[in-house]
Amino acid sequence: MNAPLPAAVAAPFYQAQGDECRLFEAAWQQQLPVLIKGPTGCGKTRFVAHMAARLGLPLITVSCHDDLSAADLVGRHLIGDGQTVWCDGPLTRAVRQGGICYLDEVVEARKDTTVVLHPLTDDRRMLPIERTGELLEAPPSFMLVVSYNPGYQHVLKTLKPSTRQRFVAMSFDFPAPDVELAVLMQETGIAESQARQLVTLAGQLRRLTGYDLDESVSTRLLVYAAKLMMSGMSTQLACRTALAEPLSDESDTIAALLAVIDTQFPAR
Amino acid sequence: MNAPLPAAVAAPFYQAQGDECRLFEAAWQQQLPVLIKGPTGCGKTRFVAHMAARLGLPLITVSCHDDLSAADLVGRHLIGDGQTVWCDGPLTRAVRQGGICYLDEVVEARKDTTVVLHPLTDDRRMLPIERTGELLEAPPSFMLVVSYNPGYQHVLKTLKPSTRQRFVAMSFDFPAPDVELAVLMQETGIAESQARQLVTLAGQLRRLTGYDLDESVSTRLLVYAAKLMMSGMSTQLACRTALAEPLSDESDTIAALLAVIDTQFPAR
Amino acid sequence: MNAPLPAAVAAPFYQAQGDECRLFEAAWQQQLPVLIKGPTGCGKTRFVAHMAARLGLPLITVSCHDDLSAADLVGRHLIGDGQTVWCDGPLTRAVRQGGICYLDEVVEARKDTTVVLHPLTDDRRMLPIERTGELLEAPPSFMLVVSYNPGYQHVLKTLKPSTRQRFVAMSFDFPAPDVELAVLMQETGIAESQARQLVTLAGQLRRLTGYDLDESVSTRLLVYAAKLMMSGMSTQLACRTALAEPLSDESDTIAALLAVIDTQFPAR
Amino acid sequence: MNAPLPAAVAAPFYQAQGDECRLFEAAWQQQLPVLIKGPTGCGKTRFVAHMAARLGLPLITVSCHDDLSAADLVGRHLIGDGQTVWCDGPLTRAVRQGGICYLDEVVEARKDTTVVLHPLTDDRRMLPIERTGELLEAPPSFMLVVSYNPGYQHVLKTLKPSTRQRFVAMSFDFPAPDVELAVLMQETGIAESQARQLVTLAGQLRRLTGYDLDESVSTRLLVYAAKLMMSGMSTQLACRTALAEPLSDESDTIAALLAVIDTQFPAR
Amino acid sequence: MNAPLPAAVAAPFYQAQGDECRLFEAAWQQQLPVLIKGPTGCGKTRFVAHMAARLGLPLITVSCHDDLSAADLVGRHLIGDGQTVWCDGPLTRAVRQGGICYLDEVVEARKDTTVVLHPLTDDRRMLPIERTGELLEAPPSFMLVVSYNPGYQHVLKTLKPSTRQRFVAMSFDFPAPDVELAVLMQETGIAESQARQLVTLAGQLRRLTGYDLDESVSTRLLVYAAKLMMSGMSTQLACRTALAEPLSDESDTIAALLAVIDTQFPAR
Amino acid sequence: MNAPLPAAVAAPFYQAQGDECRLFEAAWQQQLPVLIKGPTGCGKTRFVAHMAARLGLPLITVSCHDDLSAADLVGRHLIGDGQTVWCDGPLTRAVRQGGICYLDEVVEARKDTTVVLHPLTDDRRMLPIERTGELLEAPPSFMLVVSYNPGYQHVLKTLKPSTRQRFVAMSFDFPAPDVELAVLMQETGIAESQARQLVTLAGQLRRLTGYDLDESVSTRLLVYAAKLMMSGMSTQLACRTALAEPLSDESDTIAALLAVIDTQFPAR
């Protein structure tokens, strides 16, 4: 399903789960912006890095936050050596290079970012740089990708419908067990038997309900646990440190997580 | 109904639905500012671009947002090459050029924008530039157009009555099926039979009620779906990606949208 | 009642309704600041322009807004050509010229404006310019006029009693039918019969109650409708565009407005 | 009771009502800061101006507001002619000159003003100027006077107890009828019979209860009414303009005020 | 109990009430920061001034407020004479001099002050100056003292537990009658009989409950009353001005305070 | 359990309680960021200082607060000597030096800090410096450590799940009695019998429930009490000053704490 493409650099490992690679490529061909939805640590960022490498495109990633403004994305004048120099922001750099600009957790960004995203998602595909008066036309290879986690949103932090409707969208979830097993072994070098145990444990932890858990165990945290095990920590200590403590501060919740871990990996 | 006019550039394709072109032209002749109301993706921006081309006027578009201030519209002093240079904002440029300034989603802008919009909507038609002391008189060809989506507004974000009453207003809605069919085929090159299926589907999706949908399927999203189909995606995958996922994050809502899509385009 | 006065420029047309011109002139003679209350579009701004011309005084108008600060009114230092230059704000210009400073919708301005308005409304009539240390004495001909619309106010946006009590106040309302008729004909050149129909319609629309209407049809909007009619639009289309759509986004409310319009001007 | 004092300038007219002049002078001799409480327009500012003249002291008045900060009071660096110049604020000027600094409506000021007021109200009587590192000792003749209106305060806007307890305090109210009569005649030149009518009317209006009145008719507004009468306005029109419209926007409240006025001054 | 210590300057008068002097000295010896809690005007500031003089240490006092930031305490770059000069803030000056930095009403300060207070209260006793990259080590004689009034706090304004736990703490209250008597006579020169009457009155006023009193009569206000009496004011007028009016704006509360005063000092 | 490691400087005293040292070292070897949870004053900061010394790494500590922004961590341009100089922030310094950056109370920091923390916690381990365009790769020895106190958090101040899941986490609590005894003696030189009494008292105070206590007695406060005793204060006075007054302002709560202290250390 992953058709060979000329790739400038070796694509980082990504284990496809369905049509996502073909769909992403079609959107890029049609110059459509893409919205990726999915939980923390499920592989969204890796997927975008993989596709950028396969398509031979530069990738510029921005972690969005409450104070990220349009000027942070577009650029600003800086004073240096006694003169003022314009400094492109990451979005402008991506447009100039004809690469992918990936805005991670885009719902966190300030609302004035819409002023630069909207013209880029029109058929015009323009980036107006108000401060310099420049009006930059995006080359055909430029692509805008945004992501967020729909399971964890403030009431006040959502994409406006008028922004959402400018993207085609795809939903991600945690990988299927076989895929996750391959990811763990590839990323950490852990033995298959141990990796399988961790994947089984992840499934049990993700089915745990009725506790104060904003999110469940991610593939990333499984990788962390495997790495601690590779460094000589006991399975139980590694899982407690990487799979229980990062998820909650509530003693009841942690106790429940630990109970599942202890059942899977009894203390020796 | 679209009387021939001297046009500097070829007007972008716009399929009129009623009197909107004549009304816009009359307002321009009478130097009245215009307010356009309507849902996201129904063609407001395209309409303004079309009219600007037909009237032979430059068009300057501003996507408004929470932090858009009067200074962003009017201009500011920038420091460059050791001296300070005044830099016109988009509104000032439109006034100087005698073109159309189009403020998209004007209700998002900060309230200090009223200080520059009000004198432009009086019979004086002046733009005071406080920072330079300049008082700019708008030429007869200058026109102020604003738009917003009345179906999606914050309580705290509305036009003040004292601002609204300075505009003549027109309401837009999604195009009638035949018009939308023509738009789809013109924009994407899709076959009529497929376009007709998409328009029929859009009607069914727009009639879906009782779900958490801020807005319904726009003409823009139909164009996206058609483009994905033109790139080889299956109809079902294209509709899921372009017509369901962009509209909601609620699993119930998405399931309902997919059910309608599946009924129209059964999986092969 | 409008006693002839030496006027530097031709006074803009204003149709007096009562004692307002004499009262304004007496306040100016006695060096008292004036507060004008009244709905949007009833002619407050035109009245002030008329009186300024009759009294032969320069008029400087400021549309107040949420971010209007004392510095915006008084002035600030600007950097230009490598040196710093003080730039008078509109209030300071009015004081220096001995003219009228008219603050439209004064309740919108930020609270620090009181620091400059209060000394100007004392018997001292001083404008302290903190930034330069200048203490400007207002000449006898200087007059401060403020206005707002009492029918549309935020709870948080009112004049403090300690500010209100520094003004004499007068209330404006929409003109009586005969006056409004004269205004319409004078402003647009519309025929008397059509003007009379519009004035009659305005009376009916203003009596409409029980709907979500922040404000009712203003004289300004009647002028807009007449202008559209002068440009060849049908009466019904002109009224829909100028008298119904600008007033509300609620479909029930618009339907009620349109019903009144249709009764007065049945579709041909 | 007003003991003769060497006065540099003629003291503005002030009609004492009790011990306030002696008390103010004692506080000045003992170097105690003074807080004056009382309604808008009752003569607080005039009293301070009178005492400053009687004591032969310069007076610097600051109308406080929401955005008044310590830097506004103390001073700041300004850029001018290519170099930076320190510019004393009004409080610093008063300390250097050994005069009276009068902060009108001090509760409106921002909280960082306490940082400069507290050391000035200690036995140290110092003004620290952080920005320049200067520590200014107040001369014996320096006096700090603050005022506010306890009848009109926001919940969030009160003096902190730790600030209040640094002042001796006196309460002001509207003058007794005979005193107010003298004030009106002195200020406007109105005939005694008309002045007496206005004072009687003020008493009736001030007794009006049960309406939405933040404050009642002030002596200042009586002076306004008398001035309009001196300019030829009828008594009824002058009272409506100066005593009813400035007090409220509520039609019921205004009607009640007008009813009292009409009873006192029936229309001729 | 006040052991003789080498003192650079004459210590300001302070009447010890218990172990506070020894405890303060022990904390200084052990390089522990001190928190002083107590009502307004009970002598906290005087106590710190007294101890600073007894220990022969420079004292730098900062009245904290809502806008006091870390930069205000540490210092900032100022532009002067065409070049940028670093200007130490009060905390930095105290660290460099090895003196006492006293932050009065520390709960009012902005939260970023913790970034500079925490490292100074660790065993490291460092002051990091981010802006210059300097890392200043506090000399052994440096001491940090903070105070606030626990009886008057906003819900939102408390010391974070992680900050509180970095201080040893002592509670202050109004002095015992004999101590307060000595303070009054020492500070104002008032006769013992009159001072005793004021102290007795203070006791009665402080026992008054059931009224809207944020705080009660402080020793400072008693000093004010005695000073007014020394300036020839009657006891009743002095107490009304210094002990009743500064405490409240509520007429019921003031009446109750005056009733207590009248009972103690009947009008002659 | 504390395996010998080459250490550049003598590690500050730290009494390990379990696997925390091995776990920290494993995380450092695997280049995983670490989150430490635990109450105020339980030794988190000391533990990080100890591990930094054992691993021979530079340690840069930042006390986070409400206004700490990404620019504070990364750096900014400063103007000095007529030219602009880039000044690395503490995080950038730690990355360049390949040391440990310890963000104490990370939940207090502003949200834009995520933009710099996320790329450092990816497998990329990059620090993008937007202002200079530099993209800094963290050397293998660089480690990011953050901490906070889960027992004391604002509702609005938590780590976002997408941030939490980027760390392995460990929980700290107050040391076991024997460990705390050793800490006290090591830090203050107090006799074992007195240290034991303080540890016993701490246990009793920590079991106190039902009072308004945000946090309980920390090891740090026990050290303070011991130091005051070493300076000659009575045990009771030392405990009152170091263990009761710093914990609460509520008289009931303080009385309860004092009752426990008095039972353990009866007044002589």
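First chain written, first letter: the chains are A, B, C, D, E and F, and each begins at residue 1.
FYI, a contact is a pair of C-beta atoms (placed from the backbone, for glycine too) under 8 Å apart; a residue touches a chain by one contact, two chains touch by 3 or more.
As the structure is a prediction and not an experimental result, all values here were calculated from the model.
Counting only chains that touch, the fewest steps needed to get from chain E to chain F is 1. Hopping across touching chains, the smallest step count from chain A to chain D is 3. After Cα superposition, the angle needed to carry chain D onto chain E is 60 degrees, rounded to a multiple of 5. Set against the Cα centre of chain A, the chain with the most distant centre is D.
Summarising the inter-chain layout, the chain whose CA centre lies farthest from the centre of chain F is C. One simple way to say how far apart two chains are is to compare their mean CA positions; for chain B and chain C this gives 31 Å.
Centre-to-centre separation of chain B and chain D, using mean CA positions: 53 Å. Along chain D, residues 79, 82 each make contact with two or more other chains. In terms of which chains touch, the assembly is arranged as a closed ring, every chain touching its two neighbours and no others. Those residues of chain F that touch chain E in the shared complex are 40-41, 45, 61-68, 72, 78-82, 87, 89-90, 104-105, 108, 149, 152, 214-215, 218, 220-221, 224, 227-228, 230-233, 237, 241-242, 245-247, 249. Chain D contributes residues 19, 22-23, 26-27, 29-30, 32, 35, 37, 69-70, 77, 79, 82-84, 110-115, 118-119, 122, 130-131, 133, 150, 153, 160-162, 164-171 to its touches with chain E in the complex.
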